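Input: structures, listed below.
Presented sequentially are two complexes of subunit A, the first with subunit B as partner and the second with subunit C.
Entry: the complex of A and B
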């Protein structure tokens, strides 16, 4: 039985540009759905009928129940001069919540994205700020700093990158990071995670960058490489579900964002893909 | 009755500085050998974020988790958390150790605290391991349940054989084979592959 809280959220189900009349058959929360174009309009249907649909950030979003609120916003998507990049999809055999949590984590950079997003001996994660912004009901981490050998496709040499992380929906996260090409601005990278089942998800990375130089294919290849490295971790965590029982795993100060994310999920009853009690 | 000691491969297939996946009755394990040759078997899970330790890497006398580089010593205690280089990890952070020993060239694991009674294969020498897509192994001339032993005619020569069986998931069996001194290991290896082909065809050997 899936809770109303889970059913009332928006989930990505397709890249809008790729939806044609034949459409895409896929799963959402374990239910079969179809995403297709009908007289120019995108529809998402399940056995019980049409789902609420909205198109934003290059993707199609569907809500299986009654939407609890409007889809979150990413103001940077509308900034002139930013390049919006759809990065395709990576299917991962893990809980959609584990995929989001990994996206919020920086301490793994030197070990999983070695010599790209991190490198030994630069492994220390200094204290940063985390809070649940009650007015918007989102998890935010700010003042996150980390040394990176190659922070972005456009970066030359190592730099200390500053990050901000944001969780505006249970299966979506947006990060803001120092923009190598334009000091003072932030590059925006998001992952939109489609919960196929509690232990299987499609991850759609999306970016809004200041980078007029790098070819599209290279930007996508860079992001895909990073995410495939993450997948080798995500498919080998035990259990596949995200444990919300505090006794199951041992966070440290570097994991404050993940701690806040788990607490926020629990408080809002967004437990699809979570393990409540240790098995 | 659940056997305490379960074979998990041959010593020669786990060189110094290497970690491999193992199992004890369905419980996933990380089995590794330090630079100095010390062997250890742990539950295959870093308690930080649940990552399999069998995907980790060995440096000197330590095994590190591949996810965040947490460093564990041969006792199982976590000695270092790279995200917090100045922190002494709390003693509660440790890998869950199994008993692990080597005898006659075979690696055996059992729950921590298991005493003695490691099966005896004295006089036999390791040949090779192979995985068979079959739940049970039978061969003429060999008797036993978890360890098949006996003499078999191989390439015109009578050879003493010991096949140590390890049940794997999904109806597969790992066979860790040993033979008596003077046995032609190449001929024994071919005989084993032949046995596997017959078993996988479902034909009684």
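Entry: the complex of A and C
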């Protein structure tokens, strides 16, 4: 039995530009759905009828129950001069919540994204700020600094990159990072995760960048390279479901964002893909 | 030389890896294979009517088969696997075998990762048959005191087969049952000049960081 809290959230189900009349048959929270274009309008249907649909950030979002609130906003999506990049879908055999948690983690950069987002011996994650912003009910991590050999496609050589991380929905995360091409602005990179089942998800990376130079195919390739380096790690994480209660694990200072994310999920009852027994 | 390239393609990586091991510099043009399907578009088909990647261009020469690219890059070096009739024939056999790996393990990976349509049980079964054949061959090679597919040193045969094998877990096929295959993948990864791709990690514990290519 899936809780009302889980059913009342918005989930990505397709890249809007790729939806045609034939559409896409897929799963949402274990239930079969169809995403298709009907007289120019995108519809998402399940056995019980049409789901609430909204189209934003290049993707189609559906709510399987009664929407508890409007889809979150990313104001940068409307900034003139930014390039919006849809990166396509990658399927991962892992809990949708684990995909988000991995996106929030910095400590793995030198070991999984070696010579790109991190490099030994620069492995230390310095203290940063984490809080649940009650007014918007989102998890935020700020003042995250990390040494990166090649922080972005547009970066020349190593720089210390500043990050902010944000979780505005249970299966979506947005990060803001130093923009090599335009100091003072942030590049925005998000992952939108479609929970197919509790242990299988489709991940749709999306970006809003200041970069007028790099060809689209290279921007997509860079993001896919990073995400696919994570995929084999995610598929081997045990337990398969994300534990929300502390047990054998000993979180360190570097894991503060993950701790806040798990606490936030538990508090809101967003337990699809989570395990409630201490791990 | 220009390589029309896609970062997640095992066949493109084959050519990148061969060039890196030989110290040959390639210029890369990224192709929006996924989600853009640029390789199926008219502009790309003008370059390669088959609509496949990679494509290697060197002056007027346009190559569209990754194994042909390995031959072109490695010509005149020990990477050709020796010049006896037996050795050359065996290398050709493994280049053809690499196509079987791509159609089985490679297709399973595209199915599981990028949602390609495939009979997943059938392609995994074919992939396991390939791995069993390789394991049997490499066991015999180890009994003979060798580690590479052909001859005494690494050759284009090894490079042609390596990516699809190493990426098999991406398609839901484990390498746990093939210890000689796994030892062989370690041998490939410990070659001087080895480069990674997503899903294929360097031997962190053995190697200094490779030079960026």
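As a convention for this text, the second predicted complex is superposed on the first by the 276 of 279 C-alpha atoms of A that agree within 3 Å, B and C clash if a C-alpha of one lies under 4 Å from a C-alpha of the other, contacts with A are read in each partner's own complex, and residues count from 1 in each chain.
The criterion applied here is as follows: a contact is a pair of C-beta atoms (placed from the backbone, for glycine too) under 8 Å apart; a residue touches a chain by one contact, two chains touch by 3 or more.
Note that the structure is predicted; figures quoted are calculated from it, not measured.
Of the two partner chains, subunit C is the only one that A:231 touches; subunit B does not reach it.
Legend: residue contacts after superposition of the two complexes on their common chain; A:220 is shown touching subunit C, with no touch to subunit B. In the superposed model, A:73 makes contact with neither subunit B nor subunit C.
Once the two complexes are laid over each other on the shared chain, residue contacts for A:125 go to subunit B alone; subunit C is not touched. In the superposition on chain A, A:243 contacts subunit B only, with no contact to subunit C.
Of the two partner chains, subunit B is the only one touched by A:251; subunit C is not. When subunit A is checked against subunit B and against subunit C, the one touching more of its residues turns out to be C.
Applying the stated contact rule after C-alpha superposition, one finds that A:107 touches subunit B and leaves subunit C untouched. Residues 111, 232 of subunit A lie in contact with subunit B in one complex and with subunit C in the other. Contact residues of subunit C toward subunit A in the complex are 6-8, 30-32, 34-36, 38, 112-115, 169-170, 172, 196-199, 202, 204, 209, 212. Chain contact summary for the complex, subunit A toward subunit B: residues 105, 107-108, 110-112, 120, 123-125, 232-233, 236-239, 243, 248-254. Against subunit C, the residues of subunit A that register as touching in their complex are 15, 18, 86-91, 93, 111, 114-115, 119, 202, 215-218, 220-222, 224-229, 231-232, 235.
Subunit B contributes residues 28, 44-45, 47-52, 55, 64-69, 81-85, 87, 92-93 to its touches with subunit A in the complex.
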